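As written, the chains take the letters A, B, C, D, E and F, and residue 1 is the first residue of each chain.
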Amino acid sequence: MDQILSLAATNLLSPIILSFALGVAAALARSDLNIPEAVAKGMSIYLLFAIGFKGGVSVADHGIDATLASSLVAGIVLSAALPSVAFGLLQVMGNLSRLDAAAVAAHYGSISIVTFVAATSVLESSGIAAEGYMVAVAAAMEAPAILSALWLISRGGDSRRMDGDLMREIMLNGSIVLLVGSFFIGWITGNDGLERIEAFIVSPFQGVLCLFLLDMGLVAGRGLRGGSGVLKPGVLAFGVVMPLVGASAGLATGLLLGVSTGGVALFMVLSASASYIAVPAAMRVALPEANPSIYLTLSLGVTFPFNLTLGIPIYVSVASALTGG
Amino acid sequence: MDQILSLAATNLLSPIILSFALGVAAALARSDLNIPEAVAKGMSIYLLFAIGFKGGVSVADHGIDATLASSLVAGIVLSAALPSVAFGLLQVMGNLSRLDAAAVAAHYGSISIVTFVAATSVLESSGIAAEGYMVAVAAAMEAPAILSALWLISRGGDSRRMDGDLMREIMLNGSIVLLVGSFFIGWITGNDGLERIEAFIVSPFQGVLCLFLLDMGLVAGRGLRGGSGVLKPGVLAFGVVMPLVGASAGLATGLLLGVSTGGVALFMVLSASASYIAVPAAMRVALPEANPSIYLTLSLGVTFPFNLTLGIPIYVSVASALTGG
Amino acid sequence: MDQILSLAATNLLSPIILSFALGVAAALARSDLNIPEAVAKGMSIYLLFAIGFKGGVSVADHGIDATLASSLVAGIVLSAALPSVAFGLLQVMGNLSRLDAAAVAAHYGSISIVTFVAATSVLESSGIAAEGYMVAVAAAMEAPAILSALWLISRGGDSRRMDGDLMREIMLNGSIVLLVGSFFIGWITGNDGLERIEAFIVSPFQGVLCLFLLDMGLVAGRGLRGGSGVLKPGVLAFGVVMPLVGASAGLATGLLLGVSTGGVALFMVLSASASYIAVPAAMRVALPEANPSIYLTLSLGVTFPFNLTLGIPIYVSVASALTGG
Amino acid sequence: MQTHQAKRVAIIIELVMQSRLTDAISEAGVTGWTVLPVLGGSGRSGAWSREGQVTRAGGMVQVVCVIRPDRLDTLLDAAFTVVDRHIGVVTVSDCEVLRAERF
Amino acid sequence: MQTHQAKRVAIIIELVMQSRLTDAISEAGVTGWTVLPVLGGSGRSGAWSREGQVTRAGGMVQVVCVIRPDRLDTLLDAAFTVVDRHIGVVTVSDCEVLRAERF
Amino acid sequence: MQTHQAKRVAIIIELVMQSRLTDAISEAGVTGWTVLPVLGGSGRSGAWSREGQVTRAGGMVQVVCVIRPDRLDTLLDAAFTVVDRHIGVVTVSDCEVLRAERF
């Protein structure tokens, strides 16, 4: 508990979290502070490229672990299974329509790569190592949840939501391709490659993350301002309970697989986090009748801030305690 | 005098000023060189974040000076008082309409943060220290001038220019919020925070400033090409005289407050500089009848280049001489 | 031959080339991965500024070589002469219309600055020095080819393609102005200037180049997907043969001038490369009837990848062998 | 396909006035509009362009509003209070809409 | 200058549906269209804006299609299959075109 | 609210030709126009899109000009000299304007 609190305090007072808080505050106060869409997108490409590359280099460095394949499979299973849990939980906690519940469920099965990035940076500054291939696990967990959620809907008699185009869009969405692609580039070029571009992808990383989280804060804050009315208390509570449920599933998985302390923490983070890019886009295509205000406000306005501020320290502390790391 | 000349020469041949000159030249020659709006805005966000953060860290480092509060108050008074001086001066030097004169006056009471940034970088390379809280003074000086100028107009019987929305837009405009916000983040996280993002906000700073000033040069050059016809000689002269008047007021203030050499120089720079972001936006809302070509050309095409090239070396030299710094 | 192969292998497995390959693959697989136009333009401005500046600093460092003037003249002659060669070759290899052939020819006389940048980075990592003024030669080679190609057309009785506006647009196009301007800034400020902005223009350079080539790969891949149908085999072959012909002309020129090994290699690279920014824009104005799919697919989809992957290692190896470098 | 008569109102206005305009027309009961970006233009107050602008002051946007003909005057009155003293061009044209129940 | 009657169809639709829409109208034989960016808007599903969006999910675009009057119904039918379940506004107006041979 | 008849001319043209077009119509005495960005499109010369373009060569813009009906032919003639050999679509439609003294 003490460790959780001290880690939470350190985390809350880091430039990264404070930048996020600044963004939220500015948006709630209706400041016109804003980061151009192109710049935000540029930063997200930078972060994906850097995190993928570094993961690949770490795999090149430490060799393929026997757990790589099993971790990928476990990630896919988690992503596919968690939507059903979320769907059930929503039926208990909120009274959303089946469509809205399924759309929300898809988000919580999938992952938020920025949460993942923030967690790796907490691990780093705590000196806890993690498997480099966890970025590949992150990529693998993006899509299955979408298929799962559509299957939940189709069980209710409503089918023909999925077609080849949508499937390709989901599987080859930009962030998956960039993450996996740069992971392989890092793996192939290894430390030699890293040395050449270290001054670009390693040293300024934390700073870019600050500005990116400033933007995320602005977006989340605007979402809260506009969308807070749509969320009933039960649904709001889901936005905090579901991450804890997901993290528990991730914890069990990580312990079962026998990955490192950092690996367990990242499994918890991935399972706890909710998508706010790939899944919303897919939902607009496949479930246009579902209300975007609900799933975006929940994922970006409730769960993302929760994980960023309290969730990550909790997950890291629990993982440390249970793995003796 | 010698010191002024040598500092001016060093300054004029720095990459920063030469980049600005390149931009002006390219625009005057009607080259299609241009920096996308989103990228320019991204760079300005970077510069504001970095300068605010570093100011905050410096306050965390040196503790709060007794002069902090008095400097903030002095800044607000300067910003509120200078528009009247400018308005009077314009009545003597040019024959602008009351509306145009008030709009111009608002710009000169407020400040240009890029001029401030350029000045801190001259101070740094001359090894002259300044109070870290001067960025907070800069933020405090952005808005009062606008209210002052509207008051000048309302005295002429024309009122109802200001409403709650406009007030909020002025007080919470993006650059104030970002500057003040990152100042506090720097203050809270101190040197630990700085260490984490130093490679992002310190090392590449000068280089980003070069590209940003290239863009400012392009914008100023385009303005000069289009707007030079609208400025009568008297008004043009105002664009060089007013900064010197403002700098004198800043000098007196700085000496009175007993701040460091760098602090005095920055008080001069802030008072001498003219806004080209926050104030023009407010003027479009509150004084739509005033001619933007006049105030933008004057602020961006005349005063900004003057301060950047000759003004800053003069202010720094005078501050050094009079404080024995 | 061995050296070519080993250099090619190192080159092919560098993060730069792999990033380009990732872009091509993503585009061919119809992923929605894309880099915003503003960010891509921002990166190209960064690269031009950095490469120009570093060239200027190197001239400030080593003094003006006697070969500077003759190299500039030689560059202009090459750029003016190569379109006739390309035009002739196209008459033999493809059966394009006179207009299409002239438009393509203009591209191959001019140069691709990214190919140049990639080549300097291969030279650097192989420890081969080159004259700093080669960036000025690159700038000088951008425009003459356009005039040459229009002259080829006007010989066929079709004139009045060129007017003052177009001439100014070609001579003062953004990339020429930025390259030449930053070259002079680097020259004037020398190593002192470089020291101030090194952390911006030197250290992160390779990394930015990776992301930029990722974008080039996306653009090239999309071009190939859309335009591959328009290219007959003969024209396709031209896209690989012409660079070799151009490189030979560059080789002869470099040896004649007696420049360094790196200088010879860069003359080869410049002559071998084909424009994809300045020339297409000029062609849209002057030869609107020419088919952009042909010249863009050829230049960006065939010749650029060829030079990037195989061409540069070949040119560097040949230059090394023949200069004993 | 069945279509219905409507009016399309396009208002070119300064960026700084955008929220004031949309607030005014919402208050007048108009709930549907779309904002389009504008790169540049020319008018009585001279030419301007988006290129390299760092300031919010210079930009403009176009607000497009499709509306039932009988609501046109309410909309124009509301818009006019905002546009009045400001730079801005207001055009109205006839159009037809699908799914009229939405308007 | 000689002009010819035509119809101008403007469809505001979500970014994620853009390629599906243009695919559908191409299949119906329509080969000319233009896509314009949209910054924000408001409708029955609330207000939204491009500002700071990191996600493809929130954006919209406007697809404009100038077409011969006799082809209008084909176009509307094709567009409707895509727009149907989705957010989207479709307007049709009269216009005249130069160089009619192009349409 | 009092409105006045006008014509709305919309010209989709390549970015590289934009200044040539606006120069030509200014010379013909037209002083008001607005330039809108275009993201992509399709026509006889194939499909194109703004995505990832590094080159000025590929882009297009839309120039919109609201004008008094009696000045329409002057405008079209001027525009046509520029558009003639180039890619470009010109449409004309009727509209009404507020504040007619501005046109």
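Methods note: a contact is a pair of C-beta atoms (placed from the backbone, for glycine too) under 8 Å apart; a residue touches a chain by one contact, two chains touch by 3 or more.
Remember, it's a predicted structure, so these values are computed and weren't measured experimentally.
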(message) Considering only chains that satisfy the touch condition with chain A, which of them also satisfy it with chain D?
(response) B, E
(message) Give me the step distance from chain B to chain F, shortest route via touching chains only.
(response) 2
(request) Name the chain whose C-alpha centroid is most distant from the C-alpha centroid of chain E. (result) B
(message) On a CA-centroid basis, which chain has its centre farthest from chain F's?
(response) A
(message) Taking the mean of the C-alpha atoms as each chain's centre, how many Å separate chain B from chain D?
(response) 35
(message) Just the number, please: Cα centre separation of chain C and chain E in whole Å.
(response) 39
(request) Round to the nearest whole Å and give the separation of the Cα centres of chain A and chain F. (result) 45
(message) Distance between chain D and chain F based on Cα centroids, please, to the nearest Å.
(response) 19
(message) Could you pull out the residues of chain D that touch at least 2 other chains?
(response) 36-37, 49, 56, 93-94
(request) Return the residues of chain A touching two or more other chains; collapse runs of consecutive numbers into ranges. (result) 32, 34-39, 41-42, 199, 203-204
(message) Which pairs of chains touch each other in this structure?
(response) A-B, A-C, A-E, B-C, B-D, C-F, D-E, D-F, E-F
(message) With touch defined as at the start, can you tell me which chain F residues reach chain C in the complex?
(response) 14, 16-17, 19-20, 45-47, 49-58, 85-87
(message) For the complex, give me every residue of chain B touching chain D.
(response) 34-35, 37, 40-41, 44, 165, 215-216, 218-219, 222, 226, 276-277, 280-281, 283-285, 288-289, 291-293, 296
(request) Please give the residue numbers of chain B that touch chain A in the complex, ascending. (result) 36-39, 41-42, 45-46, 49, 53, 168-169, 172-174, 177-178, 181-182, 184-185, 188-189, 193, 196-197, 199-201, 203-204
(message) Show me the residue ranges of chain E that touch chain F in the complex, using the header's touch definition.
(response) 1, 3, 6, 8, 22, 26, 31-37, 61, 66, 93-99, 102
(message) Touching residues of chain C toward chain A in the complex: what are they?
(response) 13-15, 18-19, 22, 25-26, 29-39, 42, 125, 199, 203-208, 210-211, 214
